[in-house]
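One chain, subunit A, links the two complexes that follow: it is found with subunit B in the first and with subunit C in the second.
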Partner chain A sequence: MICLASPRILVIGGGPAGLSASIDLFEAGADVVLVEKEDVLGGTPKKLHYSLIAPDLKPVEEVLDPLIRQVESSAVTKKLGTVVSAIENGNGHVNVTFTSNGGKEEAVFDAVILATGFTHWDPHKKYEYGYGVYPDVIDFKDFEKMLSDDNLARPSNGKMPARIGWLLCVGSRDRQVGKFYCCRVGCAVSIKQAMEVKKKHPEIDTYIYYMDIRTYGFWEDQLYWKAMEDLNVKFIRGRIGAISKGDEGSLVAMAEDTILQRPSEVPFDMLVLTTGMEASQGTVEMAKLLGLEMEEHGFVRPLEADSLPVHTTVENVFVAGTATGPKAIPDAITEGSAAAIKAFNYVRRSRGKKATGRSMKKDARAYAE
Partner chain B sequence: MPIHEKHLIEKQKIIQKDSAELEGRDVSGQWNIFIQQRILSQYHPSMADEIASTPDGRTINRCWQCGTCTSGCCMHTDFGLREFNPRYFIYLAKIGDEEELKKYKDVIWRCLACNKCVERCPKDVRVEEVIHAIDGYMRKKGWMDDTPASRWDDEYVGNVLKTGILDEIMLLRNYIRDEEMKEFNAGYMMRMGMNMLKTGRLRTGPIRHRTKGWKKVRKVAEEILEKDGYELQ
Partner chain C sequence: MICLASPRILVIGGGPAGLSASIDLFEAGADVVLVEKEDVLGGTPKKLHYSLIAPDLKPVEEVLDPLIRQVESSAVTKKLGTVVSAIENGNGHVNVTFTSNGGKEEAVFDAVILATGFTHWDPHKKYEYGYGVYPDVIDFKDFEKMLSDDNLARPSNGKMPARIGWLLCVGSRDRQVGKFYCCRVGCAVSIKQAMEVKKKHPEIDTYIYYMDIRTYGFWEDQLYWKAMEDLNVKFIRGRIGAISKGDEGSLVAMAEDTILQRPSEVPFDMLVLTTGMEASQGTVEMAKLLGLEMEEHGFVRPLEADSLPVHTTVENVFVAGTATGPKAIPDAITEGSAAAIKAFNYVRRSRGKKATGRSMKKDARAYAE
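On to the complex of A and B.
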């Protein structure tokens, strides 16, 4: 017996993945509630004012605003400025308590999509780079905001920098800080930032200190080669060990130029730390409430990383975006759609098969095959 | 033909002949200088394997050549000994380039054991230990003799093994007696010694302190050292 009532699905998180999941669920005919703890939709890219988005270098508004508008104009129930404070999951019903300024509220769902994303790693923890001590040492997200505000200036004196450097892999691929994984987007975004600088101000010198450049797929020629060949962005092979004060308010990036086999202590006006990604606090908290397993890097463990990437270890909970690991915006959007169809079909099938009592995990696997 | 950038070529690679003949014709003056090729023609993985099997060398295969260690290395930067490049030593050991590594036999032992590299290495290579292991490997192969650093190590371990507590005065005395001080910056060492005296970090006086029950502990310590491949004097 197929039940005719629409699947009731909760999407937690209003970033790229959550937005795309909500739209697809709504279009498929589900009853969708989208809960977001901030007062605006768009997630971290909007909240932190990212500038242009790779690979087409479109402003973040052009990429995300159409999704936001679709959700806003649809009948998706939007709960902004609201958090999920309690969850009870049993017998195929998820009882959820929402908390906001307006008080508490409860609702029941058939399935949940977790799209609670990531945060940028805190560079204060890498004390030898002096973030928070030297005003001209800024991080990745600070620089994005600077670019999107069109306000390129040294924080120390408000003047235009003549030379900017980037340090890749800060808080990524570093046993010293317990982060063993690659952030996947840092190289691309740093190169993109240097390209933005060079396009507007060709007179500014830009240097990227790298160990490996990981601009996989089309980012190779669209970003790395373009930056190097057309925009004269320079690449120095060596990882900066420390940053110290130089003459006349400059900063000195202390590295070994591994190609020269020599110490290099070159002055800069600004240094940008390309910080890595870690699971957001929301991701960690929600995973706990939902009883999800985490994987060894602190992200949500997908049921099968290879074949069931948007399923979780709990059968009626699905996951999309950076909650399962570092990812670019287009990938998060794709996963939102994937999680939507998986959740929708799960509810339909479970209603149809409730009587048979088949294991849903087996079912999900069979479905994937 | 003159070699314009002669300083870029290692001296031992230049072969100069007084006279040269080519197909019966005397070409000396024109073709009497040869440069040996510098092509790397073989890898020797056994070198890294052997180093990795020692307690000090166990983290060598973690290195991905980022240069963070060298960028902050006291010997490399503060003391300005450019040839002392821990990243490069590790690379040479990993590819097994004996010829190149041997060029650094007067340099590689000069690590100060300040451990700045260990603190910073993103892959958690125990750089200081690994350099020590490469140094040890080179001595074991007979590529270099005992060095002031290795004699210091022996002196140090022997000293501690005696009573279980380091006797700095004895250590320095024996070491100075061996006339090793001149290899180091003697003035600097003396100043450091004086400062240690002033701050009470150097034990003085006739009584040799001793760890309680040291005899038993010593046996265990020696067993472990031997198991770790340390040759006790």
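On to the complex of A and C.
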């Protein structure tokens, strides 16, 4: 028989990782408060109106809405349109100040799960691609919205594009802009976008410019091979040097084709910049309030990346999802669950310790008889 | 206050995922039995004597031994050298028969976590590479053992090799051998192996033959860039067609260099085949006993790969680690934790249902007052 007073746990962020952590903690018997600065749950995929999710090309709603509904219909306390404005963490108690339109409010927790996510890298910084200059150069998130609105049209003239190109690794794997790491999902998402285009409009030509195609695991045949063989998406190995204006309103992508070993200049009607991921402002701010260490790429440092990936450098603070680095949605959901049990067990252990004065390790089962 | 009789959960497999699931379940208050067919815990990484683990180049012991010690010193029931020989699953009870040298034994559980892992693809099947014919053609796991034994020597003559090559994607991304998917870790592990070599023996030449370098996420700069820039590991884009005997006992790797656009023939002293992953025999057998569906690549099918990756098609059976597909060690550990809370919560819900006759959804908190 196990008996314990319900652990009080704060989950910061209502995206895939935070939703997953909240529902699992609630079902395990914790008192859960989920705070989200936006007025809706679902995180970046919902806020930015992502379209279909790779590899099964399911609508984002089909993947995330069941999780959102579970949280909404549960007794998890949802604080939407609310930010965490102050945190005092000591003696096993986390005193948190929430700020919303309704004013300030305070509450005490035993542990915190940080699930504050990522933001898309701003492609204005890669000025040679002309984002913000040429209307038909758009980025990954603009194109997702276009697809989910079923409104595929050139921003410059509202016409259907005849040829679309994707430029992978914009703000990723690029020393020039100070972003060394790979975004883990750019290849898969771009291929998925091209597949969405080709399924509805097989007459549109689609080209993907890549350095390495990183459709790891099952994405290889589920996305890469399918796109190439069944849908005739074309892949060109090479990084685009610059984009310039061509004839009749076209855009010319100038690249070195590193397989054919020759310069390549192809006119396009639209170019999609597959932007990288970086830590969101919320992740940076909350990490500061919580006193967490950051790692070299600007994300939250896990206690041990290889064995304790959801622990942080502060013992009662756990982390899940893209706050620790780029990640696909299923991985963020899985980390939410993992952070949930780690936080739950942490509170069990620390209460056992207080109750008996014994060491934490021996007290793992203090409440289980 | 939460009170419940301890859920009884069986974890099958004592590798990274199973260890992680076991300790988290135990700490949450479950009665856990961990069954492992080998006589030691740690799974394939320990059984095959892996050397350092990417990206931090930590010894495998440093990553896995703390987890093993936690399980060993806990009251998790460890059944080593034992297999599950029969399972009857019905009415919320799983009747399991264990078979070991000591004979047969039966026990009843509320839920099962399958963590039966993967096996390295057998490179004999790619006959044109001469594994088993040329002694100096070895595979990924042979080389790991060599490194962990600190015994870097050509099998043919015991001498230190002057030039080593790695052939990526052996039994991966290869329609010819019926393995379409990518193994997710081959690039990283091969680069890691080359880094281990170069750190100890900078005079040895190291070449990696690749189709795409898939050092996703932070592996990009932590492994790929470091290997290339700091340690002078050389990367050649192209797939090796065949390996043949060269002069003075050397092996010649014949490739088409797809960047330089010319045939390449390089003599090596040793060639390492980076073999793919496939479902282990244990995974296939246990999935059959448990009545689980398999997916198209031969692994266990998660209930929903994109939102419920640790659920299976049987409601009281959960899955973690490489039983559902290739995966790095930290991801397997994380999935172990996720499967732990899903199994724990499943038992809570199903007991609530029985106790009150109410629907499962409403009973998520049946035991939490």
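Everything that follows uses one rule, which is that the second predicted complex is superposed on the first by the 350 of 369 C-alpha atoms of A that agree within 3 Å, B and C clash if a C-alpha of one lies under 4 Å from a C-alpha of the other, contacts with A are read in each partner's own complex, and residues count from 1 in each chain.
As a working rule, a contact is a pair of C-beta atoms (placed from the backbone, for glycine too) under 8 Å apart; a residue touches a chain by one contact, two chains touch by 3 or more.
Keep in mind that what you see is a predicted model, and the values were worked out from it rather than measured.
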item: First (subunit B), second (subunit C), both or neither touched by A:Ala75; value: second
item: Partner chain(s) touched by A:Leu147 [first = subunit B, second = subunit C, both, neither]; value: neither
item: Contacts of A:Glu128 with subunit B and subunit C, given as first, second, both or neither; value: first
item: Partner chain(s) touched by A:Arg173 [first = subunit B, second = subunit C, both, neither]; value: both
item: Contacts of A:Ala279 with subunit B and subunit C, given as first, second, both or neither; value: neither
item: Partner chain in contact with A:Ser337 - subunit B first, subunit C second, else both or neither; value: second
item: Touching partner for A:Glu256 - first (subunit B), second (subunit C), both, neither; value: first
item: Which superposed partner A:Ala242 touches (first subunit B, second subunit C, both, neither); value: first
item: Set of subunit A residues, in rising order, touched by both subunit B and subunit C; value: 173, 258, 261
item: Subunit A - residues contacting subunit B, complex; value: 128, 169, 173-176, 211, 237-242, 254-258, 261-265
item: Of subunit C, residues touching subunit A in the complex; value: 1-6, 24, 26-29, 53, 55-56, 58, 63-64, 66-67, 73-75, 173, 180-184, 212-221, 225, 258-261, 297, 304-307, 309-310, 325-327, 329-331, 333-335, 337-338, 340-342, 344-345, 348-349, 361, 364-365, 367-368
item: Residues of subunit B defined as touching subunit A within the complex; value: 64-72, 76-77, 82, 85, 87-88, 119-124
